[in-house]
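What follows is subunit A paired twice: with subunit B in the first complex and subunit C in the second.
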Partner chain A sequence: MKIFKNKAVQALLSSLICIVLGVLIGYIVLLIINPEGAGKAIITLLKNFFYYPTSAMRREYFGSTLVKTAPLLMCSLSVLFAYKTGLFNIGAAGQYCIGVCACLFTALYFSWPWYLCLLCAVVAGALFGFIVGVLKSYCNVNEVISGIMLNWIALYITNAVLSLVKEPTSPYTYKLQGAMGKAALLPTLGPINKFFNGNKYITIAVPIAIIIAIAVWVILEKTRFGYELKATGFNRNAAKYAGMADKRNAILTLVIAGALAGLGASFYYQSGIQQWECTATSVPGMGFNGIAATFLGGLNPIGTIFSSFFLQHITDGGTHIDTMKYSAQISELISSVIIYLCGFVLFIKHTMNKVSINKEAKRLKKEASKPAEEKAKGGEA
Partner chain B sequence: MEQKAQESYPYVIEMLHITKEFPGIKANDDITLQLKRGEIHALLGENGAGKSTLMSVLFGMYQPEKGEIRKNGKVVHIKDPNDATELGIGMVHQHFKLVECFSVLDNIILGVEPNTMGFLKKSEAKAKVVELSKHYGLAVDPDAKIEDITVGMQQRTEILKMLYRDNEILIFDEPTAVLTPQEIDELMQIMRNLKAEGKSILFISHKLNEIMAVADRCTVLRKGRYIGTVDTANTTVEELSAMMVGRNVNFHVEKKEAEIGDTVLKVRNVTVASKVHKNNAVKNVSFDVHAGEILCIAGIDGNGQTEFVHGLTGLEPLVSGSIEMLGKDITKASIRKRSTSGMSHIPEDRHKHGLVLDYTLEDNLVLQRYFEPEFTSKAGFLRRANIRKYAEKLIGDFDIRSGQGPETIARSMSGGNQQKAIVARELDKDPELLVAVQPTRGLDVGAIEHIHKQLVAKRDAGKAVLLVSLELDEVMDVPDRILVMYEGEIVGELDPKTTTQEELGLYMAGAKRDEVNVE
Partner chain C sequence: MLQFLEQYTLLVQYTLIFASVLMLVALGGCFSEHSGVINLGLEGIMVIGALGGALMMFFLQDKVSGFPMVVLTLLAAILSGVAYSALLGVACINFKADQTIIGTALNLLGAAAATVIVKAVNSKQFGKPDDSLAYRVGRSSFTSSFTIGNTNFEFNWFMVIAVVMLIIAIIVLYKTKFGLRLMACGEHPQAAASVGVSVYKMRWAGVLISGAYGGLGGICYIMAGGGTWHFSYGVAGFGFLSLAVMIFGQWKPYRIALAALLFGFFRALSNVNGSISLLSQLNLPPTIYNMLPYIVSLIVLAFTSKKSRAPKAEGIPYDKGMR
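Moving on, here comes the complex of A and B:
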């Protein structure tokens, strides 16, 4: 049973337990709503792209899930990066939103090439992170409060600005096509797209997102900067005592976190798969789901690659649930239940740790009594 | 019948053959502690000897692997602190557990508020508290707020808390650490009163003089083992310390005549704001520290020493005044700048400032140097191999003990070894000025001796040492000069060779003051 004491195994196991619990509760909810189709619905949700009959279509929709995984992964990394410094970046959602604003506006209004639009999204996200950071460091404003408020500010700025580039008859922004916006589409992966049945939304965003996840891991674990950030996260006072620029680091962390979220927006909207709805009344859930992905991924950048994919997988899977038996919102409800449960990872981990410590104590107790007996025997001999 | 049988049994609490293990360490190994009814029983041991673990077992925070606890001869199972409370066991913690903005009375009744239908009946409680405080000679004002009263009074509030709950077994965890000499005398008298009223007291301490003065018997632990129980009437301080440390300890710090050199630190008219109150915690403080001397700032806890050190080391800004180190003005320099230009700082609170507890030992050992080329490459990557090598060297040189060497998480180390790690880190920087704030706080005699030797060695090597201490023995023994701080001001400069503890006590309590001229 030694394997359960390994931290990585514990993290993985607790994530898996959360997923199972989430699916179970999702199933119960389906049962309550309509017991007839529950079994089929939950399987549809878990199957996601396997729902499609042909291999080509499966690959195409697998590709679609990947396209949406990339932005989720970026939001998740944004939350994780700040979390390691002891900051809770709930503003990732707003940073993501303002990123959408920046890249779509520059794409559609100025017809800038993709890399400039991407850069604008990064800068916009970073700027929003910067605001939170400055407020935190110099005015002692809690980053959660300012983050939430900025989420709303970001939403309405985005709605207002993108209304300038919206289709006249719908609330949606123009598609990235033609002279206006085609240049902003991220480069596709060429021959690899063929594997995904020519899914044109698969872009360099997917591999880059994975590379960035690895880069974040390297920065946190191997560099002086990561050492400082984590020290600040664990113990702000000690970091200050050691002469680390704690205020500057807090700002820098939030700038980087904001940049990551902004980049996520670019990865999604510059693939052309989605248009912004200028009448949106809430920020996209991507930033919030990123929080769940962070914890489900065991607070490890590499882990978040998988957790982001899983969360996107069930979110997409939910859209295939039979709308004859269930209302249209059911897909979001069930995936939210699962995502919500995923937030319990730390709790499960803690419980597992406790159990294993108790077992260890019992084992020691046994062993402690053994040598005494042996000694007694030895003495007789 | 049963009542009588209970009273004839001499031991009110017995902990028999207690063994408690943690992964990699036996914190308690077959320890027996028998507390007689109506005695003051001292529990003596170095840091990491297992005193805290033993008390945690008694309070149900840990379950022992072996052994049993008996009350009045009957085996009891203490699963959590509530069980302990029900058995009439109460404790005054080293760090008081009081609600600062509540009154003394509110704190005493907290959790056991007398009420009818949820409405408080404070007058009843107050009468009982006043009665108790008269009876035992515990002078407190029940209506005063905790934040406004002295540390001694806060402690008396803690004692009243136990008495209010009719506890008959009272545990005092290092109760004198925060008191003035005069307050210590008062506490000793209170303990004797409690004993006379039939309470049984367990007195945890490593101050041998106090144990000799007040305790009837003393149980000594060493490295998790039971060494023995002795009657204090038949023993000596030397014998006790030898039992505790396992060898004879030299209490007196051996040092040769100081060779005073140039001025290293020049502090002028320094004023630092208080974090809790509106007024200034440090007022217009000026002094010099020279190379080759140990200057000690003495004073009772909370008289501005902490704030002064924070101002000196850059953790807090000054309101006014200037600081010069090695001829350079560092009044506005960053913490890092001060550190790299020759200042080392052993902080007062090792958990708050000194260590990143969730980091490994090796990461903590490079906390002040990680950015140096030796430990970070030009590209910003940590040189792990060098960090490991450096950590292993310090661990060897300073005898830092831990479960898994450099990879041990600092949180899992004993307090003494955590402190050793900090001292090792700060001394190895080879500072020109060492600011050591209570460097021996909570340490055992052996470790204290070691650290004092290190301070003297720095001084003999021609470095300047600024020691801030609350321990009278340390103040009298280690430094070459003493400055006494009272309510944020320097109220006296004393020569440890000619002054007495009593005189020092008068300055510390604010009963005596001189004008101190620096120039």
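Moving on, here comes the complex of A and C:
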């Protein structure tokens, strides 16, 4: 039972428990809605791209899931980075949204090249993070509430600004593949795209996202800055007492978190896979799913790579289920149940520790009583 | 002159309706935080409360009418809010989970669950999965039994309910043994426990009461809208605006009421700015009015959060072993 003591094993096991319970609850909900077909629906949801009959199509849609995983990973890194400093960056959704605004507007209005548009998205996201950070550090405003307010502000700004570059007959912005936005498309991966059946939306975003996840891990675990951030997260006053600039660090953290979310927006929209709908009534769910991915990934940058992929996998899978019987939001329901269950992770880990300690204690007791028994036996003989 | 007046009665009417919603939900947050639990899930609780009320209206629309319908709808909203807030209670009080994570999860779950349920109901009833619940019949009878006075000024019964609930909140919090004990649990739970108050019970009470207020606020919010409500829209951040109202109101019920009026006014502007000649002459884009409540709340929070009167032990799970 020693294996339960290992922190990594504990994190992995508790995430798996959350996933299994989350999917189970989703299945029960499907059963209640319509008992026949529930099994098929949950399997479709979990199969996602395996739903397609041919191998080529499967690879193509696997690619599409990867394209959407990249921005999700960035949002979840954004949440994770802030969480390590003890800040809950629910504003990632708004930072992502304003990133969409910046990159699509510069792409479609000024025809800027992709790297400039990407930079604009990063700066816009960072700016929104900065506002939250300043409000937190200097005005003591709860970052969750200011984040939510900025989410709505970002949504309305984005809708208004992108209306300037919208198709005249639809609520959508111009396609990036058109004459104006062509330069803003992220470079594709050439031969690798061929493997994904020529899926042209797979860009440098996918490998870069993974590299950034590793970079975040290095920053948090191997640098002085990362150590300071984590120290502030563990105990703000102790960190301050030790001479760390807690206010500056809080702002810097949120700037970086905002930049990561903004970059995610660029990764997604500059692949040209989707146009922005200028009548949107809520911020994209990417930022909120990022929260789920963060906690499901055990608050580890490498873990979030896998959790982001899994969550995107079931989200895409949700679009394949029979919409006459069930709604695609079932996958949102499952991921929100998973976040809820992630709240219990501490309890699960605590229980695992208890179990292993109890077992250890029993073993020691047995060992301690053994020689005594032997002695007793020896005495009789 | 008459036209001039009409423009402003509409503004006043919307202000009062939105203020009622914000006040109800903020009072809910107030109960929960005074007991020591931060309830970030109010947005989700509102959605589920609204869903409960709307479903009740939807299924009863031909069977019951008038007053019993109103009572049943309100009860359904309150009960759904209470039941949903129990999820927060279990996780945060008994299992000591992080209150921010659980609150966020409840918000996301509320929106997703409401959409799934409404679509399921619609495909069962009409064979078409739609995310809006049409309760036109229900609403018309509801509004007529819910409005006082004549055509010009729609005086909504919800405003009366909100005022009654405000008075109840003030009395319960400040004039009863229960309320004072509840507040003690939010300030110093160990001290409260040492004189024999059950902190767990008090926190549960705080959370469940916040569920009741939140559910009531939810049904009130969707009733202010049109005859149908798209559940995938949620409640447009009203749960969070209410938290801002609560903080601005310094966790005190009567100040919350005043704060709610201020925020309600800015929210109402985004609904009626086109019909008020003074504002339409300014020629500002309507987006500004949509953003106004959120911008105002940010500014207000920036100036009021510094000397916060927040309950001292809020957000910290109660541990019996800690003294």
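Operating definition for what follows: the second predicted complex is superposed on the first by the 325 of 381 C-alpha atoms of A that agree within 3 Å, B and C clash if a C-alpha of one lies under 4 Å from a C-alpha of the other, contacts with A are read in each partner's own complex, and residues count from 1 in each chain.
Definition applied: a contact is a pair of C-beta atoms (placed from the backbone, for glycine too) under 8 Å apart; a residue touches a chain by one contact, two chains touch by 3 or more.
Just so it is clear, the structure is predicted and the values come from calculations on it, not from any experiment.
*Asks:* Who wins on subunit A residues touched, subunit B or subunit C?
*Replies:* It is C that touches the greater number of subunit A residues.
*Asks:* Would you check which partner chain A:S146 touches, where first means subunit B only, second means subunit C only, and both and neither mean what they say?
*Replies:* The second partner, subunit C, only.
*Asks:* Taking the superposition on A as described, I'd like to know which of subunit B and subunit C A:L135 touches: first, second, both or neither.
*Replies:* Only subunit C is touched by A:L135; subunit B is not.
*Asks:* Check whether A:I302 is in contact with subunit B, with subunit C, with both or with neither, and answer first, second, both or neither.
*Replies:* A:I302 contacts neither subunit B nor subunit C.
*Asks:* Output check: A:A238 vs subunit B and subunit C. Expected answer is one of first, second, both, neither. What do you get?
*Replies:* It touches subunit B, and subunit C stays clear.
*Asks:* Could you say whether A:M324 touches subunit B, subunit C, both of them, or neither, answering first, second, both or neither?
*Replies:* Second partner only.
*Asks:* Which partner chains sit in contact with A:F347 here, subunit B, subunit C, both or neither? Use first/second/both/neither.
*Replies:* The answer is second: A:F347 touches subunit C but not subunit B.
*Asks:* Pick one for A:V355: touches subunit B only (first), subunit C only (second), both, or neither.
*Replies:* neither
*Asks:* Share the list of subunit A residues that count as touching for subunit B in one structure and for subunit C in the other.
*Replies:* No residue sits in both footprints.
*Asks:* Using the touch rule from the top, collect the residues of subunit B that touch subunit A in their complex.
*Replies:* Per the touch definition, subunit B meets subunit A at residues 19, 21, 23, 63, 65-66, 313, 315, 334-340, 345, 347, 352-359, 363, 367-368, 370-371, 376, 380-382.
*Asks:* Touching subunit A in the complex: which residues of subunit C?
*Replies:* 40, 87, 91-92, 95-98, 100-102, 104-106, 108-109, 111-113, 115-116, 119-120, 123, 129, 131, 232-234, 236-237, 240, 243-244, 247, 285, 287, 290-291, 294-295, 297-298, 301-303, 305-306, 308
*Asks:* Would you tell me which residues of subunit A are touching subunit C in their complex?
*Replies:* Those residues of subunit A that touch subunit C are 29, 33-34, 88, 90, 135, 139-142, 144-146, 148-153, 156-157, 159-160, 281-282, 288, 291-292, 295, 323-327, 329-330, 332-333, 335-337, 339-340, 342-344, 346-347.
*Asks:* Going by the contact rule at the top, pick out the subunit A residues touching subunit B in the complex.
*Replies:* Counting only subunit A, the residues touching subunit B are 222-225, 227, 230-231, 234-235, 237-245, 360-361, 364-365, 368-369.
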